[in-house]
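Data first, discussion second: the structure below is written as C-alpha cells.
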Amino acid sequence: MNDLTELDEPIEIAQTMRDEIRRVSNATRARRLMVSRVMTTLCAVTLAVTAVPLALLLYQLIKRGAPELTWTFFTKVPETPSLIAPNATGGLSNAILGSIALNVYASILAIPIGVLVGVYLAESMNKFAATLRVIAQTMAGAPSILMGLFAFSFLLQDLHIGFSAIAGSFALAVLMLPVIIIATEIAVLNVPNTLREAGLALGAKPHKVSMRVVIPSALTGIVTGCILAISRAIGETAPVLLVIGGGYLNTWKPLSPVSALPLSIYENAKSEWPSQRAQVWGAALLLVIFVFILSLTARIWASRKQKVSN
Amino acid sequence: MAEFSSATTSRSWYHYLLLTACVLFGAVSVGFVGSIIQKSLPTWLHHSTTLIGGGGWQSPSGPFGGLAMIVGTLETSLIALVIAVVIGLGTAISIVFFIPRRLRNIVATFVELLAAVPSIVYGLWGFLVLAPFMYSTIDPWLNSWPFAREIWGDPSQQYGPSLFLAAIVLGVMILPTFVAISREVISVVPDDLIEASLSLGATRWQVIRKVVLPTARIGLFGATFLALARATGETVAVALIAGGVAKVQWHMLNPGTSIASWIATEFGEAQGNEVSALMALGVLLMLLSFSLSLVSRWLVSRQRKLLARV
Amino acid sequence: MSEAQVTKSPTVVVRDPGHTAMQLHDVAVSFNGRVAVRDATFDVAKNRVTSLIGPSGSGKTTLLRALNRLHDLTPGAKVSGRIVLEGTDIYRGDMTVTELRTRVGMVFQRPNPFPTMSIYDNVVSGLRFNGIKKKSLLDEAAETSLRSAALWDSVESRLKVAASNLSGGEQQRLCIARALAMDPEVLLMDEPTSALDPIATLKIEELMTTLKERVTIVIVTHNMQQAARISDDCAFLLMGEDRAGELIEFDTTEKIFNNPNDSRTLDYTLGRFG
C-alpha cells in the first residue's frame, strides 16, 4: 500500500504539470506566432530600408559618373572654368597619377614591415609580441585624419620635407600597417602545425621552416590582406589632405606636391562651377571601380586559397 | 608552434630581420602618439580650459574652443550608430535567415563591397544630392512638426547641410560595415542550436531573439564598436555635410561640425597657435578612439570568459 | 514467414492504436527531388524504445528528423506519406509545427546546451519559449526533469552556472532534461552517445530504460550493441540501388537480432557489412 502511493504521487504531479504546460503553451501560441510574424516582417523591412539608400547611391554614382569618364578625363590636367568657357574643366590625369604614386610608395613602405611584424606576432608568444598586437589592433581603429596630423607634424614640421607625395605615402603607410600586420598574423596562424612539424622533423632550422614552408603556405592570406589594405588606402582623403599639397601637374616624383582622386573630389565638390561639380562624379565612380576591383580580387584570391587547401 | 626566442634560433639573421621590423613599427606607433601630443603641448599647457570650453573658434588669434566639435562628434556618431545598429541588425538577420540561399552569397558579397566604398563618395552623395533634397523637401516637413523649433532649430539658420544630415549619411556609411560583420557572426551560430530551440517549440523570432543573437553577441559588440569608431573618426564626409559651424548645437537641423572634420577644414589656413590647438583636438580624437578600442577589448574578453569552453 | 522473405516488403506490425505513439505510413523524404529515404511504414509503440538502425547513408537520421518536421527548414526538402501523432497527421493535420515540437522533443548528436544560458535557464528554455512564466512551475519542471535525467544531484548547487562548465556526458543529459521539461509524448534521439566516452554512454543508456516509463523514445544509432541493449523495437534501413534508403524490416528487437525475416538484416546485425 505504502509502496503504491509513493509510486503514484510523482506520476500525478507530472500529469498536472503536463496539463499546465500544454494549457499555457496553447493559450499563448497564437500571440507568440503573431509576434514572430511581426518581428520577422520588420526584419525584412529593414533589409529594404538598407537597400534603398545604397542602391540610390550606386545608381546616381553610375548615372552621373559614367558620362564624365571621357578620354580627356584620363589624359588632361585640370583647367579652371571661366565665364567664357564654363565647361572647360580639363581632366584629372594629375589626380589619377598622384593616387597611383601615393599608393605604390605607401605599399613599398608598409608591406615589408607589416608582413615581417605579422609573422613575428604569429610565431612569438612573448610580452613584446603581445604589446605590439594590442598596438596594431588599436591603430587599426584610429581615425585616419590622425595619420595626416602625424605626417604633418613629423615630416613637414620636424624634418622640413614639405608638401609631397612621400609625406602622403607615409601617412597612408601608417594607415595600412596595422591592417597588413593583423591579416598576416591570421594567415600565418592558419597554417596547419603539422606542416611546421614536418619541416622541423626533417631537421630544418626553425627560421628555414618559417621562410620556406610557413610563409609560402600563408602567402595567399597575406596577399589578400595587402590588397585590402591598399583598397582602403586608395579611397582615403583625410590622411593625404593635410600633407600632399595638391597641384595641377602630372608628376609622380616623391618629393613634389601631388594631387589624389579623393582629394579632387573633396575640393571640387565645393566648386562654384556646375561643370566641376559634375566632373567629381566621374572621379568618385573611378575610385569606386578601383576599390571594387581590388576587393573582388582579394575575395577571389581568398576563395582560391580555400579550394587549394581543401 | 615554433618559438623564435628559443636559444638555437635567436642568433639567426632572420630573427633579427623580424625584430628590426617590429622595432620600426613600435617606433612608428610611439612617434604617432608622441608627435601629435608634442605639437599640442603649448595648447594643453596654456589654454587647456579654453580648448574644452564652448568659447567658439576664432582664427587666427584665438580663443580656440573645442566643445562644439566634441558635442558634434558625439551627436552625429551616436545617432548614426543607432540608425546603423537598428536597421543593420534586422538586415543581417534577414540576409542569414529569410532570403533564398542562392541570393544570399550575392547579397553578402555586395554588402562587403559597399563597406569598402570610400567615405568621400558617401560625403559627395550627401553634399550634392541629399543636402539640396533635405533643404527643399524634408526640412520644411520636419519644421512643420509641433515643437519643431525646440527639436530642429531656427529655420532661418538652415540651408541643407546639418548635424542631422551628417548623422544620416554617417549611418548609411557605416551600415554596410555593420551588416557585413553582423551577417558573418550570425551565420556562424551553429545550426544544431537553432534546431534544438525549434525542437522545443520556439517560434522563429524566439530562436533569433533568445538563442542566435545572444550566442553571436561577442561579434555583434565588435561590429558595433567598429561602426562607432568609423563614425567618430570620419572626416571628409562630415566636413562636406555638417555645415562647418563651430557652435555647440542641440538643434539637429542647424549646421555644426565634428572634431575630425574641423581639423580637416581649418588646417589649411592655420598658423602657429591654431596648428597647436588643432593638434590638441587630434589628441582628444585619439583619446576617444583609444578608449573605444579599450572598452570593446574589455567587453569582448569579458564575454569570452563567460562563453569559455563553447 | 517465408513469404515475407520472398516479397521483400517490410513487415508491418499493427498494434492496438491505444498503444501507439506515432504511426508512419509510406513515409518518404526527398531533397530537391532526390529521394533520401522511403517506404517507411511502422508504428512507434508507446512507452517503448524504438531504434532505427542501418549503415550510414540509409536515411535513419533523415527519417527521424521528419518526425518533428525539422526538414521544414531545408529548402527543397519534401516529406510524403503520413505521420500520425495521436490521430493527427503532423504534416497535413491542423497542428502547428510549434505545437508538434512541444509534443515531440529531440536530442542531438553533439551535446548542444545553449552556450549563453545557465544550467537552469537551459532546462526551462522550452517552457519559456512556450510562454510559461510562473516561477513555481519552472522550478518544479526544472527539478523533475533534471532528476529524470539523473543530473539533479550533481548540479543542484550550481544551477546558475553556465552550462558549458559541465562535462560532455553531463551536457548531453542536460539536453535530455531540457527536452523532458516540456513533458513531450515522444523523444527523438539522434545518435545521442556518438560524441561521448563509454562511461557517459552507459549512463545515458541506463537513463533511457528508466525514461521510457514516462516518454516514448525513438533513437537513431549506428551501434548494434546499443540497439540490442536498450531498444524494444527495431527498424532496419538500408541504402537501395538508387542510393535511397529504404525500410527493410521492422519488428521487435529480439526478433531482428535473433531471427530476422530478411537475410540482409541478419548480415548487418552479424556485422558482415556496414
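As written, the chain order gives the labels A, B and C, with residue 1 at the start of each chain.
As a working rule, a residue touches a chain if its C-beta (ideal position, glycine included) is under 8 Å from a C-beta of that chain, and two chains touch if they have at least 3 such contacts.
For clarity, every value in this text was computed on a predicted model and none was experimentally measured.
Student: Taking the touch definition from the header, please name the shape of the chain graph: line, ring, star, complete or other.
Tutor: complete
Student: Pick the pair with more C-beta contacts: B-C or A-B?
Tutor: Comparing B-C with A-B, the pair joined by more C-beta contacts is A-B.
Student: In whole angstrom, how far does the Cα centroid of chain B sit from the Cα centroid of chain C?
Tutor: 49
Student: As a quick test, compute the distance in whole Å between the mean CA positions of chain A and chain B.
Tutor: Inter-chain centre distance comes to 14 Å.
Student: Give the residues of chain B touching no fewer than two other chains, as numbers and ranges.
Tutor: 201, 203, 206
Student: Pull out every residue in chain A that's touching 2 or more other chains.
Tutor: Within chain A, the residues that touch at least two other chains are 25, 32-33.
Student: Would you pick out the residues of chain C that each touch at least 2 other chains?
Tutor: Residues 98-99, 102, 130, 182 of chain C each touch two or more of the other chains.
Student: In the complex formed with chain A, which residues of chain B make contact?
Tutor: Against chain A, chain B makes touches at 1-6, 8-9, 12, 14-15, 17-22, 24-26, 28-29, 31-32, 35-36, 38-39, 86-91, 93-95, 97-99, 109, 112-114, 116-125, 127-129, 172, 175-176, 179, 201, 203-206, 208-209, 225-226, 229, 232-236, 239-240, 260, 263-264, 267-268, 278-279, 282, 285-286, 289-290, 292-294, 297.
Student: Quick one: in the complex, what on chain A touches chain B?
Tutor: Within the complex, chain A contacts chain B at residues 25, 32-33, 35-36, 39-40, 42-47, 49-50, 53-54, 57-58, 60-61, 112-114, 116-117, 119-120, 123-126, 128-129, 132, 134-139, 141-147, 149-150, 152-154, 157-158, 174, 177, 181, 193, 196, 200, 205-207, 209-211, 228, 231-232, 234-238, 241-242, 262, 265-266, 269-270, 277, 280-281, 284, 287-288, 291-292, 294-296, 299.
Student: In the complex, go through chain C and note every residue touching chain A.
Tutor: 96, 98-99, 102, 127, 130-132, 137, 140-141, 144, 182-183, 214
Student: For chain B, which residues are in contact with chain C within the complex?
Tutor: Spelled out, the residues of chain B in touch with chain C are 100-101, 190, 192-203, 206, 210-211, 214-215, 217, 306-310.
Student: Using the touch definition up top, name the residues of chain A that touch chain C in the complex.
Tutor: 10, 13-14, 17-18, 20-22, 24-29, 31-33
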